[in-house]
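Pasting the structures here.
Here come two complexes built around chain A, the first alongside chain B, the second alongside chain C.
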Partner chain A sequence: MDYLSDLWATNRSTVAFAMVNSLFALSTYVVLAAGFLSFSTVVFAAVGGFVGAQLVVKGVGLPFVFGAAAGGGLLISLLVAAVFLRLNSHWMALASLALVLITRVVTLNAPALTGGVNGLGVPLALPMDWLTGVLVLTVLAFYALHHSWFGVASRVLREDPSVAACMGVDLRQIQLIAFGISGIVGGIGGAAYAMLLQFISPDTFFLGIAFTMIAATVLGGSYHWFGPVVGAVVYTALPIVMQAFLPHLLQEVANGVVLLLIMIFLPRGLIDPRAVRLRRAAPAAAGVMKIRA
Partner chain B sequence: MTPILELDRATKAFGGVTAVDALSFVAPRGQVTGLMGPNGAGKTTVINLISGLLHVDSGRIALNGTDVSAQKPHHIGALGLARTYQNVRLISGLTALEQVVAGSFLKRDTSMLASFLHTPAARHRMRAIREKALHLLDRVGMAHSADVLAETLSYGEQRRVEIARALGADPVLLLLDEPTAGMNPAESAEIGRLTHKLRDEGLSILMVEHNMKLVVDFCDSVIVMNFGRLIARGAPTECIRDPHVQEAYFGKQRHDADGLRAVG
Partner chain C sequence: MELFASQLLNGLALGSLCGLFGIGFGLVFATLGILNAAQGCYASWAAIIGLAAAEKMGAPFPLIMLAGMGGAAAVAVAVDQLGFQPLRTRGADMLGALITSIAFWMILDSLAGFATGQQSLSFPSTSYPGQMLLTEPVPLPAMQLITIAVLVAVAVGMHLLMTRSSVGSAIRAVGWNPVAAALGGVNSRSIILLTAALSGAISGLAGTLGGVLTSNVSFTLGQGLLLKGFAAVVVGGYSDVRGTAIAGVILGILEVFVGQYISTALRDAFTYSLLLVFLLVKPQGLFGKGSLVRA
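Entry: the complex of A and B
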């Protein structure tokens, strides 16, 4: 029992970071699954993070903190979508990166809202049960989305936009919904992140977190909602695990090598429903061959 | 009665090349209309103009009496147009049944919110759509492969799944872009018979086809184009004998009889 509680004590924060990264990865995934690689989750997280932090400072209850962060994320995501949906996929990736840079400048120069260079202390540690509850609800929502007409439409849209359009899918509508969901989840993730770190500054929502989001999503796989969750867990835990085996100098290199290996050998990510189906189909086909022979 | 499809001097140029040049024709309601022409005649451009993936530079296209020249593909789909593609375009990672369910998107009859919340009505509707999709797969002879990843099927089988997917939208006009490419004669005839069954149920069909035997056997009338222009129209056998058509397909010097022998 002691061993277990020790284990929990040492890994508690890793688990919490993995859960918040899952939220960020899911926010990135929903847009990627509608055909767009975008870093704009960073922006939604920044809005959710600063809105959440300000409300915590004012002593507002957690349900309202998360509600306002979600609302702020949604609002900014719809604004971003209104501009970005005019762009082609690869230009959107670049534009969203530019938006991340702009966000940092804006947060630096709005000290009244963000604390500017000094950042913002958050006088409330995020309770673990709240974080768990938020993640479970989000995952349930993604499960429902996967099996909804939105899920059907976005799978077709991602593979072949022309075919989707001829099927009657309003591409703009689906992409707008995807951005909206990304904004809500990104905003919630930002608020959770603020309370997890208990201190946020313009540098919190910058290139580092942008890389984490994309890497976790691509690593886990962007063809099923479970992929980003697995990706976030692996991506968060990998450095910790490496610590135990490797001298400090090699750790970063080893992280990079492991990620490279996964991307070379599993380019569609760790969770790939298509690969599962192909494997399932293979023995059946072999059976047919035997009968014919 | 208005024709199901009417092109009025439809023109489309890519740079200096006029792919479709003041093309006018009418596809009658409740018939199988063939669209023929040698390679590069502009057939696929015509199909893309009708489905809204491309837009005319000038002229007019009317579907079921509605001007769709400037409409987006999903609006044209909602007006009752469904199509297949010259090189089968099924969605990677989906089973045959899921392809047809996706093709029924326009018939979902469920709001995005209700679908997300999985309300009893939404689930009931989804079950009905799955059943209908299975029935459509049965119609094209693919029910046994409903749960198979569509990309593992043979080319001919994929074509049939794609037709079932197009039928999922309950179209009023079905565009088939070379539906029998890659099929053997028996499979091709099967597709021909399917078009007749669908026609007899009231569906209008416009079919781009190279297989002359199929055109003669199964099209009620044909439109022949070359270099983006209409060169002949009418009954299939007469069109094939038309000297302009012979010239377009076989060159100038050939005698009619040689040409006919060549088409088998």
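Entry: the complex of A and C
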């Protein structure tokens, strides 16, 4: 029992980071699942993070902190969607990357809201049960979405926009909803991240986290909501596991190599519904062959 | 007035670096369809290799440049063959290539940090022409003039290569459709290798020059060039070498002037806002044809 509690004590923060990264990955996934590669989750997270941090400093309760962060994320995501949805997917990726660059400059130059270069201390550690609750709720919401009209429509949209349009799917509407969900989840994730780090600065929400989100999502698989969660957990745990085998200097290199190997050998990610279906179909197909023979 | 003129020169030199890097970056983006996040690392590694040539072998300046270019070209070809070729054979989309390039970014950047001992190094002052060509009416360092001249030479050369030569047609054909190019008698495998090497060499040239000019040889050199070069490519129109070069120079000058006369804090804001405005309003850029199929 002592062993278990020791294990928990040493890995507690890893688990917390994996959970927050899951939120970010889910936020990236929902837009990706609607056919857009977008880095704008970083922006939503920055808004949620700084709004949340300011409210925590003022002593507001956690439900309101998360509520405001979600609202802020939603608001900014709808704004981004209104402007960016005119672009096609290549340009969307580039424009959202530009937006991440601009976000850092804006946060650097608005010290009244963000603390500028010095950053912002957050005088509240995020309770683990809150984080777990938020993640469970989010995952349940994604489960419901997956089986909803929106989930089906966005999958069709991603596979073939023309087919989706022929089936009467309103492309703009689906994309707008996807961005809205991404904004809410990203904002909540940002607030959770701020309370987890207990310190945020303009560099917190920059390219590093942007690439982490995308990498975790693709690593886990972007064809099912469970993929991003698995990806975030693996991506967060990987450096910790590596620590045991590799010197500190080579860890980042090893992370890159793992990501590279996954892209080459498992391009659809760890969780791939199509592979499962193919595997299920395989015995049946073999049976057909036997009958024909 | 003297301040204005010397800042104009600074802007020109800085912009030339961005434009030069952007030409390499845009070549891969326009022809191979890869948004290569690892391109900045080629520049960092070129500077590191150039520095090694200067310190370990006491190579003269032109050889340092060549060493940087060659090293970056080799890295670019290795990245392409190890990372992008498997995706290409599978017919994967742009997203896969972007993630792969991010993986290479992580690998090459941390190796670069390892190579420089997590410090910013600089070239020994004897390894490059450090003298002033003029002191009156404005100070004109030789390196600034060299940088500007290199940009002009590379931009003109690349433009002629891409538009007037059969190799250029082959590169554009492979970029448009590798199968059709192969049917037309183009060896797409070697053209892809050539494109990767060329793009690596140009970015490497920008990196080595940048390492000398800014006295900063570390992984941050490549990151800075990547962001500014990316802006130059988008603003200029990535299908046109001239556009990238001109946009790079304009952005460099604007950046220096905004920093000098308006506010240092707004330097980057200005560049990136311009980038965003172009993406939204005129995604084909200043000089682009906009004929590319936008999937």
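By definition in this document, the second predicted complex is superposed on the first by the 292 of 293 C-alpha atoms of A that agree within 3 Å, B and C clash if a C-alpha of one lies under 4 Å from a C-alpha of the other, contacts with A are read in each partner's own complex, and residues count from 1 in each chain.
By our rule, contacts are C-beta pairs under 8 Å (C-beta built on N, C-alpha and C of every residue); 3 or more make two chains touch, one makes a residue touch a chain.
Worth saying up front: this structure is predicted, and the values here are computed from it rather than measured.
Superposition of the two complexes onto chain A shows chain B and chain C fitting side by side, with no clash.
In the superposed pair of complexes, A:Ala95 makes contact with chain C only, with no contact to chain B. The superposition of the two structures on chain A yields an angle of 90 degrees at the Cα centre of chain A, opening toward chain B and chain C, reported in steps of 10.
Looking at the shared chain after the overlay, A:Gly168 reaches chain B, while chain C stays out of its contact range.
After overlaying the two complexes on the shared chain, residue contacts for A:Val152 are found with chain B alone; chain C is out of touch. Applying the stated contact rule after C-alpha superposition, one finds that A:Ile177 touches chain B and leaves chain C untouched.
For the pair chain B and chain C, the minimum alpha-carbon spacing after aligning on chain A is 12 Å. Common to the chain B and chain C interfaces on chain A is no residue. Listed in rising order, the residues of chain A touching chain B in the complex are 141, 144-145, 147-150, 152-153, 155-156, 159-160, 162-163, 165-171, 177, 223, 273-274, 277-278, 281, 285. Across the complex, chain B meets chain A through its residues 51-53, 72-74, 76-78, 81-83, 85, 89, 91-95, 98, 101-103, 105-106, 108, 110, 112, 115-118, 148-149, 152, 165, 169.
For chain C in complex with chain A, the touching residues are 35, 37, 82-83, 86-87, 90, 92, 94-96, 98-100, 102-107, 109-111, 114, 227, 230-231, 234, 265-266, 268-269, 272-273, 275-276, 279-280, 283, 294-295. Contact residues of chain A toward chain C in the complex are 37, 83-84, 86-91, 93-95, 97-99, 101-102, 105-106, 108-109, 211, 214-215, 218, 249-250, 252-253, 255-257, 259-260, 263-264, 267.
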